[in-house]
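Structures for review follow.
Paired with subunit B in one complex and with subunit C in the other, subunit A is shared by the two complexes that follow.
Take a look at the complex of A and B:
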């Protein structure tokens, strides 16, 4: 679905590891989201890239999981942040 | 009373760079009131550090007590995250409008000292701008949901700008307070007017580069700020200790020279002395010797340590005419003989409160000196009758 698309993480979003919890905050809505370990890793990887292909490639290098599974997980994980404009899909030129 | 003393000792041990776990365990076993421990940790601004020490796997503490600490820590962290996000937004906004600004304390200090934004408690954001940019910065913030406490006309009052140092801007959406400074102190601690570049350093906060005071200026600021508040909160002493331990190539000689220029050498020494006395902060031999030879600094250090042991936090600031404070002000000056002069200066120097009574044009500014005694008497009477 998001293949070949670039994205930007909203500057209002912040991830912090507090104690043994990973909290994602959207300063615009003042809402906090608690991420599990996998969610936290995915978000950190999203922060290092600007397109989903890059995220999948990096995750494949580090985790023993199929590309298809990873793409599905990534889509599922990013659905809500995209809807809430915490991840902004860039318009294609 | 006994348990309060153990709480103080525990706070001190728990906020050390490397807390001693067996000492922590001994002190924890003596604490009778864990609510008071949490309360004092918060009042001293060190709850995140205390919690981090208490959760060490070898520390023996009741699970419920630790859970209560954790809940408070998470609540502080959430607030810190909101304030940090707000600071980042402001940084970008000021940059877009080409207004130079230096945030200090708050998230940038936490990041510098602990490499995270959650190990310090902060209740507001502090931003330094050039005096020439003050109106522009205030206007820009007003356009983005910030409200100034004062009527805008005071920003044109030269005496207010001379006597004051900051204005309070409240964000009506987030309810956060931003202190917009054009000086760091009422004294002559003013930075290069046009260019902050040689006075600053960059710190990465949530992957965003933010300019803040360079370590030398920061240490001097922290020493003067803590002294102004008589080192009432432990967090101010911890900040000094951490900065000296964390900052590489910190030029204490350069800071000493700057402090001498500002006639604040004793305040600088006092900050170092208190930190050394309570946290064994490493100091260069020559500075350590100079501090040890200054009897007033030694005496003040003992008083501050005693004040901490007595748990006097929050009890001092309610006194409008605090003689101890006046004695301290005179003692801090570099010449020992000018006590009377210092008292005179203390009573008759204009404060922002005098200017804020009425906004007078420049040619009537002498009238503030006539108004001041009346304001002080009014304040005193109000205190007596309340």
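Take a look at the complex of A and C:
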């Protein structure tokens, strides 16, 4: 769905690691989201890139998973943060 | 075998997690008013604090704090305090209902901690705190959760007071430190109560060793201490951040995240029975002695 699209992580969102847990904090809504290990890895990977293709490529290098499954999972994971504007899809020029 | 150097992939994260079941920070305490009635361009009005109308005024946006930023904290009909960022001088102007006692109350309990926060000197936690085994031990709970009563009991057993309400903290790379705030204790709160003067007031900066989150329970409940970790630990600390809403959210989160990594946090069940306070006290002392073997005292 977002193939070839670029995105920006909202500057209002922060990731914190506390003990063995990861917490996403949204300054706009003052809400917290708990991420498990893979969720934390995924969010950090999203922070390293500006397009979903780059995220998929990096994850495929490090994890034993098919591209199709990873793309589907990434879209499913990103759906809510996109709706909540924690991830902002950039408009195409 | 081709993927033998790759990590195992878990598909359990595919659904974006729902928010943690915590109570939102009480941002309804304040409202930003862009139509001030003074020469200051920005005003933050506080809701019904101590049955007074109170507001913080500034000549610049609150988040854009710089040297020479002008501030006024006004308690309507009582007193106004004025200061400039970067200055160590504060002036006040009494109003029609102002008295020396009220000035003392508002300065010591409210304005001075606010000033220190805005000057980036300390990060305040809503907490009682006493000294145990030469470390600061903090008691946190929501209002009327037993914090003042427990602090009072520790004072009566000879422990020194750091604070009964606002604990000033700062950190270095390894530790968080607690600074005693004011030598007044208010075991039973009325409006604008300065409190009873406490001789046994901590004069040293101490390492913040432990935070106890007080959980109100039935009178017959066991006194139980359980260590908190991760998100649960963090949200309890966050919910007890005193004045930090004036700071940038990222600064708050960075500080609290760092504090959560450096300080042990435990929940303690408090049976709602004053006759069992000694039992709670003993349990905390035994717990502290376990955490600090070789440094045991009262």
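Worth pointing out:
The rule we apply is simple: the second predicted complex is superposed on the first by the 93 of 93 C-alpha atoms of A that agree within 3 Å, B and C clash if a C-alpha of one lies under 4 Å from a C-alpha of the other, contacts with A are read in each partner's own complex, and residues count from 1 in each chain.
In this text, a residue touches a chain if its C-beta (ideal position, glycine included) is under 8 Å from a C-beta of that chain, and two chains touch if they have at least 3 such contacts.
Since we're looking at a predicted model, the values are computed, not measured.
Placing subunit B and subunit C on a common subunit A by superposition gives a clash between them. Of the two partner chains, neither subunit B nor subunit C is touched by A:91.
In the superposition on chain A, contact of A:63 is made with subunit C only, not with subunit B.
Look at A:21: by the touch rule set out above, it reaches both subunit B and subunit C. In the superposition on chain A, contact is made by A:12 with both subunit B and subunit C.
Within the superposed three-chain model, A:42 lies in touch with subunit C and out of touch with subunit B [touch as defined at top].
Comparing subunit B with subunit C, the partner in contact with more residues of subunit A is C. In the superposition on chain A, A:73 contacts subunit C only, with no contact to subunit B. Note on the superposed arrangement: subunit C collides with the subunit B stretch 307-315, while the other options among 271-279, 307-315 or 325-333 stay free of clashes. Residues 12, 14, 16, 18-19, 21, 23, 25, 27, 30, 32 of subunit A are contacted both by subunit B in one complex and by subunit C in the other. Taken together, the subunit C residues at the contact with subunit A in this complex read 3, 6-20, 22, 24-25, 27, 229-231, 233-235, 249-250, 253-254, 257, 260-261. Listing the residues of subunit A that touch subunit B in their complex gives 11-12, 14, 16, 18-19, 21, 23, 25, 27, 30, 32, 47. Looking at the complex, you find that subunit A touches subunit C at residues 12, 14, 16-21, 23, 25, 27, 30-39, 42, 61-65, 69-70, 72-73, 76-81.
Contacts from subunit B toward subunit A in the complex involve residues 55, 70, 73-74, 77-78, 81-82, 84-86, 88-89, 92, 116-118, 174, 206-208.
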